[in-house]
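Got some structures for you, see below.
Heads up, the next two complexes both have chain A, just with different partners, chain B and then chain C.
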Partner chain A sequence: MVGYIPGDGPMHRTHPLTALSIVVLVATGAFAVPGMWNTAFVGVAVVLVLVERVPRVFKTAVPLALPFWFFLLLLHGLMGDDWQRGVILAARITTMVFVFLVFLASVHPARLVEAFVAKKAPFFVAFLFAATLQAVPDLRSRAAAVLEAQRCRGLRAGGGLANRVGALVPLTVPLVMSALAGLDEKTVALETRGATGGAAKTPLNPPADPLSSRIVRWSSLLAAVVLVWTRVTLW
Partner chain B sequence: MSPRLLALIPLAVGINLAMGLIVQAVGLPIFLDTIGTVLVAVLAGSRAAVVTGTLSQTVFTVLSGNPMWLYFLPLQVTVALYAGFVASKGGFRSLPTAVLWGIGLGILAATLSWPISFHVFGGVTSVGMALVVTVLEFIGAPLGVAVYAASMMVDITDKMVTFIMLRSLLVSLPRRVVGRFPRSAVAMGSD
Partner chain C sequence: MVVSSGCSCFGLDAGDPLVSLKGVAYRYPGADEPAIDGVDLEFQGGEVTLVTGPLDAGCSTLLIVAAGLVPRVMGGSLSGQVEILGLDARDEKLGVHLAGRVGLLLPTPWTQLSGMAFTVKDEIAFGPSNLGWNRKEIGAAVDRAMEELDITKLADRDPTRLSGGELQKVMMASVVSMNPDVLLLDEPAIELDPRAAGALYELLPALANDRVLVVASTDIDRIHHVADRTVVLGGGRVLGDGPTAEILRNPDFHASTTTVGRVFHAAEVESFPVTIDKAVERFGGRC
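The block that comes next holds the complex of A and B.
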């Protein structure tokens, strides 16, 4: 798993939405450009990793992409006698994985949320995204605790299908109930802080969005639209 | 959006993502990654569930680092709308009705997911699914049929178990929570 990696590459420095537009352009290119030409976008994605100096991306991206190469070449090449389709599909998926991981490594989630708030996105969108990123590790550790507690009480999670499905109930119900138990407290906290007051929220530290960044952003999005349009009408 | 929903939705997404640990522990070849979405549909209706499903798929994509999951977003939205409808019809009033509605959702989910699996990803979405598809193609099934059959096997089991879990949850729900979310009583068949 790759999270944010501190650095000073171009995607680290630019506005988060500009970084997102670059990712959209490269991923769209991998899908829109016909035939084996789309494999060039794997190269573009690798260049992005090197330019951003986030080599840790390789450690996650390569194990994610390799099974796709294996199975796509097996299903389409060896068994379907269409090696080219296998390579095209695998190149698309590899490009997507690489550019997406570069984006995650270059843009801190809090900075992305600030960018959305600064662009006047509805408060609930930014809040839900940030609150969910906090809730997930909490729920995962609760699930692990429930699992350990039930095993201590003698729960056996193995055996036949019915036994395994039966074991899900004493694991799932306490997890969900413990999550719902704190709901009232959270609701009151949100109410007292005026979370749904309707007034526009002020971002604490909005990312800079100079003219050059906006030009790159809109050019990237325009290029992505042109690629899709060309793909649909010409190729 | 009400403060109660703002508090509930992140928890439901957390439940969707935490279920991976539990499924791994019991060793079942299913996901159960829509339990939180179905829970919100039952407690608060389809609109809130659509937000939950969308957010769940987005956050899962971000945390796993695998962008292909985002392509299955329409599936989460379908689950949300379907579960909201089932809840409004009292579909969780008994275990057999919950099982039947769950099988219906499994068939719908497989029918929706196979074009994405087949056309966008060439039939390879995860190692487990790819193995099933490879075996089916090896014994003579065309690739498209193999992908659909594999999706059917996984989705019907997954959604059926999801609905069984939801029925168990609704039976155990404290009265205080039912009072806060009156829709849950409708889902259990009482008006």
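The block that comes next holds the complex of A and C.
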């Protein structure tokens, strides 16, 4: 799974919300532009990967996107005799996967949180983004701990299919329960650390947001809105 | 009115307790029995209070109640009177009034990470920044807390990659950095090695300056000498409350005394010593 990769590409350097707006524009374009034209946005997403010099994105994105191409072409092409529909849908999903991963690789979560705080976004918005970005590593470490604990108690999680299916319940139940228990304690911790106290949170290291960055951000968002509007009313 | 030099409280007079519980019972959501029942306790600033007892005694629950988190955050059923810094625990605006003024450290440091900080320094700054302090104040508070807990060298580390002991110190610094008027610590040294635990306990008297400091712990051997007062809980009720030295020597509470105290109590020695030094002093040359 791709996480932040240090670099000096444009999305690395720009304000995180500007990077987010570019991602939103490309993803919106892939959905809004009609017909086979939308496949061009796969190219745009690939260009973003190259410009940001984060080739590791390919390693994660391609295996994620390929099954969609396979099943969508199977369903719409071979079975439905509508190859074009299959390509359009697969291109949309591929673009989404690529731009999301480029964003993850280019914007450090800390900078994104700071950007939201500096813009005086409500606490839950900043927390939602930060928690989402940290959810995968957090669940992965919890799952590893549960797996180790259950193995120590004699669970055989490897081997044949029957073993693996049989291990699902003793692995997933403690994982879900511990995540829920952790949520209770996290709520208490956030409450006692002033997260819901109502004061405006002070940004510690607000990212620079020059005029050029703001122009790109608002232009991207405006273009995304225009694309959606055009799609709904004209195309 | 100002009660103590560091605390401005809501309608309290000088000498009033900063935290007061009168006839308090609390039952968790879905529980049949209350976790604490009939609890009458008052806490003043400037003293270290140890709360101890066996499993299920209600020590952790007592801290959660004293933090003003029930029923507002945790739900459940609360009866009796709970006042924190002069505010009723049922006050709908309690969360706003008490933001940063009551610090609670849980025994599971990994669940207390904010999830919004990617270095130890930022994790500690999370509380003060939520309170709207300016960056200079935040920086000073963070540096001071890191120095007190001896974790300055961890400042730029990722908090999710620390050991349990390191993380527990970071979370302690996170709570202390807000300079709360009420500091509630639930097994603050459970992840620490004996030496680090001892060093952390040594900090408590200085931290108690002006503020309420309550520690729930069963690590009596290491903590007893810094606790001015000890409250013994059992079955959710207060069994004993008094100066630590008296409580530890009271045969009624021999299960909640030091290892040395338990040994001498088991040997049916009347008026038993509770520390190795005291035991040597008393029985030196005859053991």
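Some observations on this one:
Here is the rule we use: the second predicted complex is superposed on the first by the 165 of 235 C-alpha atoms of A that agree within 3 Å, B and C clash if a C-alpha of one lies under 4 Å from a C-alpha of the other, contacts with A are read in each partner's own complex, and residues count from 1 in each chain.
By our rule, a residue touches a chain if its C-beta (ideal position, glycine included) is under 8 Å from a C-beta of that chain, and two chains touch if they have at least 3 such contacts.
Everything quoted here is computed from the prediction, not taken from an experiment.
Looking at the shared chain after the overlay, A:Gln134 reaches both chain B and chain C.
Once the two complexes are laid over each other on the shared chain, residue contacts for A:Lys186 go to chain B and to chain C alike. Contacts of A:Gly158 after superposition on the shared chain: chain B is touched, whereas chain C is not. Touch criterion met: A:Leu75 reaches chain B, while chain C stays clear of it. For chain A, the partner that touches more of its residues is B, with chain B and chain C as the two candidates.
After overlaying the two complexes on the shared chain, residue contacts for A:Lys201 are found with chain C alone; chain B is out of touch. Touch criterion not met for A:Trp218: it reaches neither chain B nor chain C.
Once both structures are placed on chain A, chain A residues 109, 127, 131, 134, 138, 184, 186-188, 190-191, 195-196 are touched by chain B and, in the other complex, by chain C.
Residues of chain A that touch chain C in their complex: 108-110, 113, 117, 123, 126-127, 130-131, 134, 137-138, 141, 181-182, 184-204. Interface residues of chain A facing chain B in the complex, by the touch rule stated above, are 1-2, 27, 60-61, 64, 67-68, 71-72, 74-76, 79-80, 85-86, 89, 93, 96-97, 100-101, 104, 109, 124, 127-129, 131-136, 138-140, 142-144, 146-147, 157-158, 161, 164-165, 167-169, 171-173, 175-177, 179-180, 183-184, 186-188, 190-191, 195-196. Residue ranges of chain B in contact with chain A, taken from their complex: 1-4, 6-11, 13-15, 17-19, 21-23, 25-28, 32, 35, 39, 51, 55, 58-59, 61-68, 121-124, 127, 130, 133-134, 137-138, 143, 161, 164-165, 168-169, 172-174, 177, 180.
Chain C meets chain A in the complex at residues 64, 67, 69, 73-74, 95-96, 99-100, 102-104, 106, 108, 110-119, 122, 125-135, 138, 160, 174-175, 178.
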